[in-house]
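Note that the chains are named A, B, C, D, E and F in the order they appear, and that numbering of residues resets to 1 at the start of each chain.
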């Protein structure tokens, strides 16, 4: 789905055949204006979706951002000004906030992870543990927070995981099979759970090795063992409390599922102001 | 969007033109089987989406649940058995988990709120603060957790909020306007922030009053003031720590946005087993 | 479907890969203008669909209404001026008229029902007996004719009918079940066929009672029996000849399926004029 | 739109996120059965749509017709048996009836026109004055009633009407232009309003001539003038009272817009019966 | 599918969640301009698709054609100027060229066939052997090359072919059945393979006869036999080398499947120029 | 678009509101059977689309392949048996053949390229010069012919081409920018036109170098210069006559646009046989 389709689906879900409250209470031609305000601090994401919401609901609506995607903001800060027909503003309000609150939640959590690994070589990367239907926007939110994108989906990266290995007959066989037929534009990444598998992956010709659920000690040994022959990605159970120590081991990438599956929403609100 | 459309969009997002890893590493005709396992305790939701994912990916796949929607489960428990072509299982895995982890997260958090208000008249209800595109499934997850649904969207309930009041000219005018033209099948709910507005709402003919961001003391006074003439809904900043005290005031409904905007995902995984 | 989607489907149905007549007979760059004229009197509805048709066919077309939705018009009156490329005008003509003729038919018939109950408390309301795909527009046409909307669909109103009662075990059981789990924003309406059931409905806690196919005498007795405890809706076999007597009984609502399932089209035509 | 898409749109319109009444009142696993009964006489159309509705709502539903499309039926007659989960039956009921009532209305009215021209060479044909979105089904209903289809849409027949003539410079110029570039698989039809234009159409090489709004006398003269050189179609203001006299003039086709724009619905109902 | 839908599908196929190369290498705000240049001679088709691509990718892009559809061009000639944000130009480039190269290939091949039959009565017509999804554009490309369109699809022309005849019981039976029920706006065409069948077709009332895979001698005899009573279409194995001789026999139409199924693409390229 | 969507669009294009020929000539209940036969030799592709066509048109149709995708076949060979309702077979025939003829054309041409490079290290790979809407199927056809897929689209591979270089400031700057922000799962490929740029690409850290339009001598020098430090892809103007010499230089990949933009269709036909 494109951004326009994602927003159209979200609006259809909330508007359906129309807003009965506004139709019953508000004159059709009344104008209004307001402010989109942060009720807690965070990092901004979701502006593109917000602008698209406003345009789709009514071309007479305007949303004028006070910030760019990726900007930090404080509690109480105004993020955007809005204006237009009152019924249309109220029709766009909730869906707009639903996008911005979640996406800013992801950007904010990503920024905090990135802050904690500053000064190391490690990049914070996302996963495919995204909310169904919102991957396009969540992957952008990770970039807004200073993180990097891992592969987008099943079609643009080779990542051989535990279940593949169980079927393919182990690290060596799987990596060699991938080498034999995969598009040459893709690197080959394989998941390992111990140092012997790491060695096997390197000798089989893997480009990247995902170190699954290893302790900090194991990660250090893996970095030494790899000695720059492959890229290393730490993954599994990474938390804000542990990410700095993981980064200090010298791994190249740290992937964090929570960026997209469990970031709490940032509290935002839309407040009408006098015309 | 129907369930089938939601699932199709999620699969398109992750599969696109195909899984390059499986195509490169796994024989096309290899079968596999596995278990969908909980890595932490929770309340189950998302089975319908999971079954739909499996059917859409490959009609030869099977997913046999060990539980019903709404059942509690423990860490380590098997939630379903799966079997079928290995490539198809791996194609369905991530999207299936993405649905179930989030929806079980909502059901689990809802169940905890419901547990804390047990013995009072208060019902835990959801809001429109849902994830864009997933309202159908999140509203079901709230029911699976023992909660109740508030209005579904803008089209099936009249809820006059602060921004409406600013435009419509106050509680009395807004409620009377709604009375005059709204479908007779809908009750009329209005948001108030103090007891004077509550009285105004009652005399104007409101059916339900939303008490916004009131303290427990204010809520108690509101219950006394209303004296059963209207239904009362407490809303705003409700947390697990405060919900029992709010329920004890005698309000009829407590709406909790966090059920759908900030419930953390429950950790689940799919593990292949020997054939 | 949104208005844009309804119109797009209608145009696709009639235009498909293109108008072979215009392509064969008319120069591509010829301009034309014309008048949309009523060939009989009525009440206007369908302007929004007409404008959308014109925009979708060709952004160079213009349609300038001489009336608002809901306005009455006489035979021979001009309803709108149109202008633009001749091929595009002819491509838009039939679909535009197909919308306006049917919707004005519904508005016109509604207005006649409304006229006949003037001076009573009764509101004329529509039903779900709408034309598949056109509910959005037909419900608006009822409002343009001075009527009110009943519930929109299955999702925004509780109406327990004869077949529900057969399964649920009667009026009392059904109403109580609805009370126990339905969203609190919805009133509960139940259909009854005699006065005993009316009493049962009232004591079970119904908010609205639909009096199905009752005679005028029965309706009068029902109004007395209800004594204002519930809202009353007369339904079934209502005709222009009988609606005044029904309204005089004091019922609150009279629902008329024919507004949307059998209103004859109003004859309109598009006539080119000299440039 | 295909039949499946038309039905899906109609169901989405009525079901949206679900039937709140059934969810509130009926156990999820309750079965039911019933009869689809005619409350007045008519000619059947809409079975294909009805079967599709039932399949789309729930694959466990069954609808067993007692008649074929095009069969006449009497008041009180059973048209089909239905069975399945009670909630699903109630979800499918209204949309199914909405299709069948309108389409049987068209088939019934068509059959009456056909009956009145029996024994003449005239065929009753439809027009493009169909209900937006339902042309596929209405054109079939005309055939079920014994009528014939005119061109389906703008893309499959050449019909040069008054507004084309105004732009193209008259009958001769328009017919010759069509001859020069139209696909050779299409006949060329042109609308005329008097006998001189008829002669002009014949000499210009038209295949079919539409005689617009002519009196019975004019039609007779036209038949004589044409003398079998072209096919003749009478059109405009045809009514049940006048159709026999028009047919007696010897025209080949009589087109009737009312078949699809103003046929009243046939009253049908679904009645649950004891299991 | 409309032009807009065809282009949207093609862009979705190539852009998906975004161009990783441009995102990685190019500043978001860099502008560029360039020329769309022919690398070999041909006849232009595909401009409408090109313009639509540019508009859909980014409303800030411009594409200014130097030619009209149907114009011939030489190798090295500039066909259009383009300008806009560099990332957007690169996103639109490949899909735009993919449309224009194929469609110009069809127009170019058609023009060559048309050139070879100049001076005869024969028209070059296309077939239904089009590329799935592109019929709208390929049929236009045939017109741009100076050819004519045969029936568009199964719905707008009657063409009784060998497999119909096998089921329907021969030429006479099939033509008579078509006469009895087909819309009167369509001519009836039937395929024959020898002169006896041609005679049978004429006496049964066919309007057009398709002469399948006949030699030039057979075609000449068919033209004599028909003597103007029906239109004649030569079809089957027509090649550039043979088309002139076929046209010289006096047939009315020559249908050529290769126009749409095997025309080689014309080589075009987009070259950035200095700002 | 998925396979199902591609096929549905193709069928909608050809069937629209129905096949007027079959409806007019053939009884609705007549069965038929036939053979899908090759009229020239080739390599098979398109079976999956063919099966999908048959299923979508009518679930009572059967298509039983005699070969697998990728199998070579001779002129006159039967490729599949078909059976079912005659009307449905004729409805599915043309679209099915349209898919299979083109896709087998691509597979056949690919196989010929592959045959000519046998014994070298070079792999034949496709490009993004695919037919709009058919990439999914054409990329599979290339694999059926023994070729390999290059990147699928803009989203799954980094290929920095001449126009990127013009904007990004040359090979070094572009490669370094890509290194800095691209997903780590993607290799970085850059296009060069001479040996100096090749050296620049290698030292800047490219993984793959596309050698654009080089002579065989230049390609040999490039292979020596690269000395295994990067993968090398020859591209531009590759023809059947030249591909063996190109492969003999030792390049790793040879990309051929003609596989998907100019492969002529293979002639196939569907012939009914006696029941």
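The working rule: a contact is a pair of C-beta atoms (placed from the backbone, for glycine too) under 8 Å apart; a residue touches a chain by one contact, two chains touch by 3 or more.
These numbers were taken from a predicted model, which means no experiment stands behind them.
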item	value
Fraction-based call for subunit C against subunit B, same above half, different below	same
B-F or E-F, whichever has more C-beta pairs in contact	E-F
Subunit B-subunit D separation of Cα centroids, rounded to whole Å	45
Inter-chain centre distance, subunit D versus subunit E - centres from mean C-alpha coordinates, in Å	34
For subunit B, residues contacting two or more additional chains	12, 16-17, 20, 135-136, 152-153, 155-159, 181, 183, 186
Of all residues in subunit D, those that touch subunit F in their complex	2, 135-136, 139, 152-153, 156
Partner subunit C, residues of subunit A touching it in the complex	12, 17, 20
For the subunit E and subunit D complex, residues of the former touching the latter	123, 125, 148-152, 155-159, 181, 183-187, 189, 208, 231, 233, 252-253
Residues of subunit C touching subunit D in the complex	1, 6-7, 9-10, 12-26, 30, 32, 34, 86, 89-91, 93-95, 97-99, 101-102, 105, 128-136, 153-160, 162-164, 166-168, 174, 177-178, 180-183, 186, 261-262, 264-265, 270-272
